[in-house]
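Paired with chain B in one complex and with chain C in the other, chain A is shared by the two complexes that follow.
The block that comes next holds the complex of A and B.
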């Protein structure tokens, strides 16, 4: 079934030579709650995204991955607060921009496809009209013929016939609505697209079509993509690098091959053992006992300690720092203390 | 009515069959063509000529994409939809013509587990009340004390031990995995012989999916419960199913032992479905057989083989011949004229 020769691993290596587009440093986000202490949704997150790089942001529900993305886009709900850190896009600190400047960044530099967004299309406006709105607002000085041509080109790019621009969302299938959402995200030529669980609600075959489309767009347009997902299979197929989050913090961050073939954090190791692998159908699945922590009720010490098979005394008292294991591999676990470079 | 447990050997394939479905069809009348409705009737062909059997303590996975008819099939087995044609034998009884009162009795023995443990539990009822409810509906379990004993046993069999830690709690106090265990306990309390599990893990986090799959496998092994495991994810069937049936547009296109289907698939649709399951290892990135387009609507079915418009191997004859299931591969049955 599989033919490993089809794909190359040179892409991940070459990505490291490209310029850094996005540099997230020490980002911490709280959700405030007037009756209780704030929920620490994201703590001290560091990562970079290079031009043309595909980063997988992996974690279970409630691990803070969507909050991290909303935070760097400055789209947090009212209770969300960025309490520390910085987000640089090509050297510009996004957290220091005015709201108007940020609005421009959101379409022209970084755009986001929200989870379940294919159900968020306005049902009483045509698809073309909804894509056109983004173009008209953020790329003014284009006459209607130019906007129209651009809508057709965007639809063509995602594999939808241009003449379907005048149809309404209910006339599109689920897969086509997701394609339309991708076209909308590309409306103003962003360099970075954040896709939050873009295929979760889709059938496997439609999911494969969308993933193939995103891979092709990445190559054709040189896009950088952040894939937010809990699906380790999707990440292995598409990404150059992977950031594994647990309980609002980085568990492990490395290139894709290291994460899957030489993971060092116990959470990464356990998560991989729990994920079914169709190439080993008789392989035993192991679950991780317990469940992820609530962000308003975090354990003292390491956030994975209550579920960790390798836990020892110190893990329950102290939060492990992030250890750098090599140039592009970090993990947050006391077991790795001696290996830090 | 009581459900006789005795099963005569020659009526069912294998002397320990629980469920035998033969040529089952379920279609929904959509309307008539023509402005005065005098034209031909049009139907949604949801399930068409499906046959399979399920042994005692066996897990059969029913795999397919949305719209392939797998959920309609489950609803028809439960008597929530009336079959258009065909036979359903459950525990030796032909139930396809049963009245709804008779089916209520059957459903004590045939329980459904739904996909979403967040939506299928009443948020205002305690866990104990939720698991007790089926006993009240079916007026089972004798005295209050006996009912309580059964609730405790169902919760503990579903892995919520000790049960008294959960009885008084409300659904929102539990994690997703624990809620799905409550749903399973609600089915187990009736001591069913057959569980219809419709996507029981697809809403759960990866780290807890395995524990629910392992729980279902344990119920099969210790209680001898038969399970029809409905899923769109071929990745999860290896861990649980003894046999796999792949459905496309209302038909079973391939059925056989799990390892045979997963390692040596015969039907072109099965091969395509397997090739698109993401593999959690970047060193095994491979060419995927991505079918273009989407499953055609089940109203205007393609002529001949229903899969031919999307089949990468289709030849002329596929447009004309509607292929029956025939033996192929390592113990499978396959509906494709190109497979010997």
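The block that comes next holds the complex of A and C.
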């Protein structure tokens, strides 16, 4: 395998010149609870996504990754509230749109691929019918022959024979269902595809196939992808930039080379130490002791303080602000206080 | 594959019907009581006259050849000609479509059942259709507005309606309807009236039908509403509903194109089961409103030990339940592709 940092570095440089598609500013999401104070699922999150950029969203389970993605599409469950912030898509604030306007944005501009384990396809409708539904909804001026041809082309794109479009989800294998889901996500030529742990619950061979497929499709179609994952290997291979989340807040946000070669937040450093690197001699893998914090019972200071190996007194009392280390590198840790630009 | 599935289901239905025929025959004969004595309420009836009645209905013959305890004629076990038993004659007559003669009225059972059946189907059919439409509608509304005051109100109403005793609700409605709305007290049509035309006749019957139908509708509506609501609430929390929302479908499209077809599966089962029992009639409702239906006929026949009538009615009931189930299974395979494949 070639060194991923070299190739992605040149790619990242070119990505930075492209126009910004999605600009998320200061986004905060709560889960309200009648009997208790709201759980702060996402706090003051900022990131941008440029045309053709692949952003990796990394963090442990329960750190708010999926909540953030559902929040972007305004698909939060009833208890979820967007309490602050803005989501600009091509300059338009999605949070200010009416529900009908938002319905128009969904899938046509931003589509989402759910976890493979999820029962994300309707069991009583054929795959082709479910893909065609999205096409007919967002590209209405097409006759049925054109829709049919498009369904076949989409299935062909993900390596499924066109004549299987009339089959039901239970007649597909797990990997094929995920391919069909990808085909469906591409049905209306969206600018952004959110992939929410698309390879979870698939076996390793199928995971590799799906990732390769997504990488190829991204290059072919020039897609912008937000890749939610806890697999750092996937991030290294596919992503241009990485947002590391911890307990609903940004721990570190930078391009992929910086995250891998010069991480500054102790959490990012620990995450990388917990991940094998086949290019280096076999070393000891470590795990981060403890668990991520419960979102309804957050520590008073830095949310990583209880597990941080470099913790000191101030971390337990105050929440560290986000320090800008250079043009595209931010991290939230008191150790970096003097380096802020 | 489709044909073998269908044939298998049909074979099972036929087997079940055969089993029911046997069970029906013995079920009433192990009951204590003598059809001749309870049918002719005259203690002065001579032994000869009683014997004549027995012979007329074939009751002098042994029930079956090997069960001595069931036989009126003591001739030792297994020595009787099996073709001269009541059971054989019953099955033979059944195969020719002859359900026998009622002990009580001396009329063919099939004719009597036929008269009663249509009255029952008219009443219960109307009640079921109304209950299905209203119950499903209310269930969909409650599921869509889940955990709001609308949902709470609909739930409360349905639970109440479901738990009301049928006869009590019938009596209350009968009282209110006849007192305040001048509706008839019972029966199917006003007796002794010469109706000027067909429409007057139909409208008189509709006035008689109103209260029993309403009672039946209220009793069943609650059940349909509760099942529809809980199934739909489950379906609406499924992942594919989130996918449908992410695709930009609006609430109505999600309900119509994604949720309802999945939610209909349990509804089909419960509707089919209820439709099967429809033929038995609602004994309580038919009694309260003196509706000349099948339920009332069964009730009367039990008291008279009218074996042929009971056998006929139970057979009809069993066959309709079995076919309603068969219908539900076939409908299931149309609605759910996962069943079709098996």
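To be clear about the criterion, the second predicted complex is superposed on the first by the 323 of 341 C-alpha atoms of A that agree within 3 Å, B and C clash if a C-alpha of one lies under 4 Å from a C-alpha of the other, contacts with A are read in each partner's own complex, and residues count from 1 in each chain.
Note that a residue touches a chain if its C-beta (ideal position, glycine included) is under 8 Å from a C-beta of that chain, and two chains touch if they have at least 3 such contacts.
Everything numeric here is computed off the predicted structure, so don't read it as measured data.
Novice: After lining up the shared chain so the two structures overlap, which partner does A:60 touch, if you call chain B first and chain C second: first, second, both or neither?
Specialist: first
Novice: Between chain B (first) and chain C (second), which, if any, makes contact with A:237: first, second, both or neither?
Specialist: A:237 contacts chain B only, not chain C.
Novice: Which holds for A:171: it touches chain B only (first), chain C only (second), both, or neither?
Specialist: second
Novice: Of chain B and chain C, which one touches more residues of chain A?
Specialist: Result: the larger residue contact count on chain A belongs to B.
Novice: I'd like to know which partner A:138 touches here: chain B for first, chain C for second, both or neither.
Specialist: It touches chain C, and chain B stays clear.
Novice: A:75 contacts which: chain B (first), chain C (second), both, neither?
Specialist: In the superposition, A:75 touches chain C alone.
Novice: Per the contact definition in the header, classify A:120: touching chain B only (first), chain C only (second), both, or neither.
Specialist: Second partner only.
Novice: Let me test your reading of the model: by the given contact rule, A:149 touches which partner, first (chain B), second (chain C), both or neither?
Specialist: neither
Novice: Determine, under the contact definition given at the top, whether A:32 touches first (chain B), second (chain C), both, or neither.
Specialist: It touches nothing on chain B or chain C.
Novice: Which positions of chain A sit in both the chain B and the chain C interface?
Specialist: Correct list for chain A: none, the interfaces share no residue.
Novice: So in the complex, the part of chain A that touches chain B is made up of which residues?
Specialist: 1-4, 6-7, 9, 60-61, 173, 175, 203-209, 211-212, 230-234, 236-237, 239, 256-257, 260-261, 270-272, 274-289, 291-292
Novice: Which residues of chain B touch chain A in their complex?
Specialist: Contacts found on chain B: 65-66, 175-178, 205-211, 213-214, 232-239, 258-259, 262-263, 271-288, 290-292, 294.
Novice: What part of chain A is in contact with chain C in the complex they form?
Specialist: Going by the criterion above, the answer is residues 73, 75, 100, 103-108, 111-112, 114, 118-126, 133-134, 137-138, 168, 170-171, 184.
Novice: Can you check the complex and tell me which residues of chain C touch chain A?
Specialist: Result: residues 238-240, 242-250, 257-258, 261-262, 335-338, 341 of chain C touch chain A.
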